[in-house]
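Lettered A, B, C and D in written order, each chain numbered from 1.
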């Protein structure tokens, strides 16, 4: 299977997943005259929407940065990529859980943030496994991008799942702090000048 | 990253977002024999569907008109485009809010129309930022379309967010007037002969 | 705008719309031990799913048959195509209405079938308008397919919206008869050997 | 119609269907403090998500393996492919039914697993019909892949629907055993080294 087709299917899944994120933004049944108030109290849904949208957008950018370096797709790459997509397509669920509980404090908010962190750590892990497989199978890479560079990409990808994994612990201190951390990591990745830095994004290439 | 891939992903998000608009058209639970009546009372949902569908369609047309002039995608363009998609993918929510309240009059209808107007103004603003970046970075443009033309496109894009921003004020007079305004702007853009006019569409290129 | 891009976006909308049809197939809350019974009583949902899926599939086939004959897209074609997509993307709603009422008999079933018929007639009408525009603007057509052939395609498209329009009347006799008619039209179109016949499908090319 | 377009549309439907699978993972309304407990009790939803995601992923791989051998699309192939897509796009429903009942034991769990098995057997059957048509119409195949090879692909596809069909019987012994069987078949197909085996996957090429 050539790269083009795998990328087209992956783009499709990412485009659908990113667009479905809005469905967790939902008004409860309201008595007349309470719309403004209810819209205001949906802020955790807006924040979760923006953060998850940015993260899936970054994943899309990193996914392309990876597959621009791939010339041939083997069976392992194919199914590791499906595992990555399985994680991203699952994201609307932890996003909804986070949006529904982050502002409530207490045990439920901690659990919600931990679930979100764990999902992101899992997605980051599939990126790690993808780079490891590419580093170990340089015959899959395009000319001019060798095993050394794939290993370097692997190392640059490590901080992502590590930070997200560590944020499972942070979740038990404060769910809001987790949300701020996710947003900060996305902003850090998106800001211009990033190319010159080492970036602890979920899946920096 | 080349233009083709960014456009394919954007087309995917726009195609999903436009097709999800129908989900706000929903019947409440009904006693037998009330279907005709209930379908008739869904007119705000039909109107919101048609208006939002036309607007996303116009955004798709304008998005292509812009990226047909782009030869190279830089990091800023990439993330400004993601911001645009974040706005459009959010549209099903204000569409549902508008559909649920525009006909009720009173404070809730004003709030609903203001939220819709603000979302559209935000989307228009991302178009403005995209053209400003292209005008300031002419190296991204295709041959034969220079900074001057990008600045002209920027100026033609200004009325969109301005009108939508002003309609936030109109929302506090009448939500229905806002709906008529949105529809009127879409029709004005769609009507043949538009090329010869200056068009205050959300994101006229 | 070139044909390729319009087709890619249309394919996206059609693929999303056809896949969303399954969401009207839904179990009500059930007491334990009633699943088999409840699944059996969902037959109107299965039937509506199959019929709408087949119809959108046929629309996709006809859409390609049309745009394979188009070399250049003008503004009118662009927005007539958006009107067609607006109709198809709306189809999950009348499909759900039909599935929810076709088996109940009485006024509600008649209304539900009439709404479905009217939507299909509207979609068929946009196909008619597209062929009429192509017949009137032969400069848009590919070499070897002229105005005469576009007019012939227009004439072959007439029976679709006419039959669906007439089925609005049939709806007031029997909703089930309408469902059988829709299914029969789809089967008639799909059956091998169809090329040799004149086909009253919603949008036969 | 050329293969490219049919594949693009099929990829779109498969990408949407696979991404919609997450919607059956849903929390019921909860009293405060019960989130961790409720998330734990959603395990049948997670398991069904993973199994259905893997199966649709495998179907996507097999679909490409088939159409890489197809040079020309005829009308029969077109509509058999639509039947295959109709089955896959329906999968979110039996997945939700399975997730909602597999852990409950009793008649409902048996029915749920039987419905899932029957859907998968149906999808496998469309793969069989596709290969049979290709074997009978070798003019559709690419050079270097003849009727003999299509017949071999047909024979390798037989175990899939047969095993799924047989699992309808297993469903009446234990729904959980069915879930384990589905997962095992997916793992067996995905594991490296599979090329060297005969694989009873739903639609092994």
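Going forward, a contact is a pair of C-beta atoms (placed from the backbone, for glycine too) under 8 Å apart; a residue touches a chain by one contact, two chains touch by 3 or more.
These numbers come from a predicted model, not from an experiment.
Visitor: Specify the chain most distant from chain C by Cα centroid.
Guide: A
Visitor: Is it true that over half of the residue numbers where chain B touches chain C are used by both copies, so same, or is it different?
Guide: Different residues, largely: of all residue numbers at this interface, under half are found in both copies.
Visitor: Taking each chain's centre as the mean position of its Cα atoms, how many Å separate chain B from chain D?
Guide: Measuring from centre to centre gives 38 Å for this pair.
Visitor: How big is the gap, in whole Å, between where the Cα atoms of chain A centre and where those of chain B centre?
Guide: So the centre of chain A lies 27 Å away from the centre of chain B.
Visitor: Mark out which residues of chain C touch at least two other chains, giving numbers and ranges.
Guide: In chain C, residues 8, 12, 15-16, 20 touch at least two other chains, as defined above.
Visitor: In their shared complex, at which residues does chain A touch chain D?
Guide: Within the complex, chain A touches chain D at residues 1, 5, 8-9, 12-13, 15-17, 20, 75-76, 78-79, 82, 85-86, 89-90, 92-93, 96-97, 100-101, 104, 106-108, 111-112, 115.
Visitor: Contact residues on chain B for chain C in the complex?
Guide: 7-8, 11-12, 14-16, 18-23, 25, 27, 30, 32-36, 39, 49-50, 53-54, 57, 60-61, 64, 190, 192, 194-195
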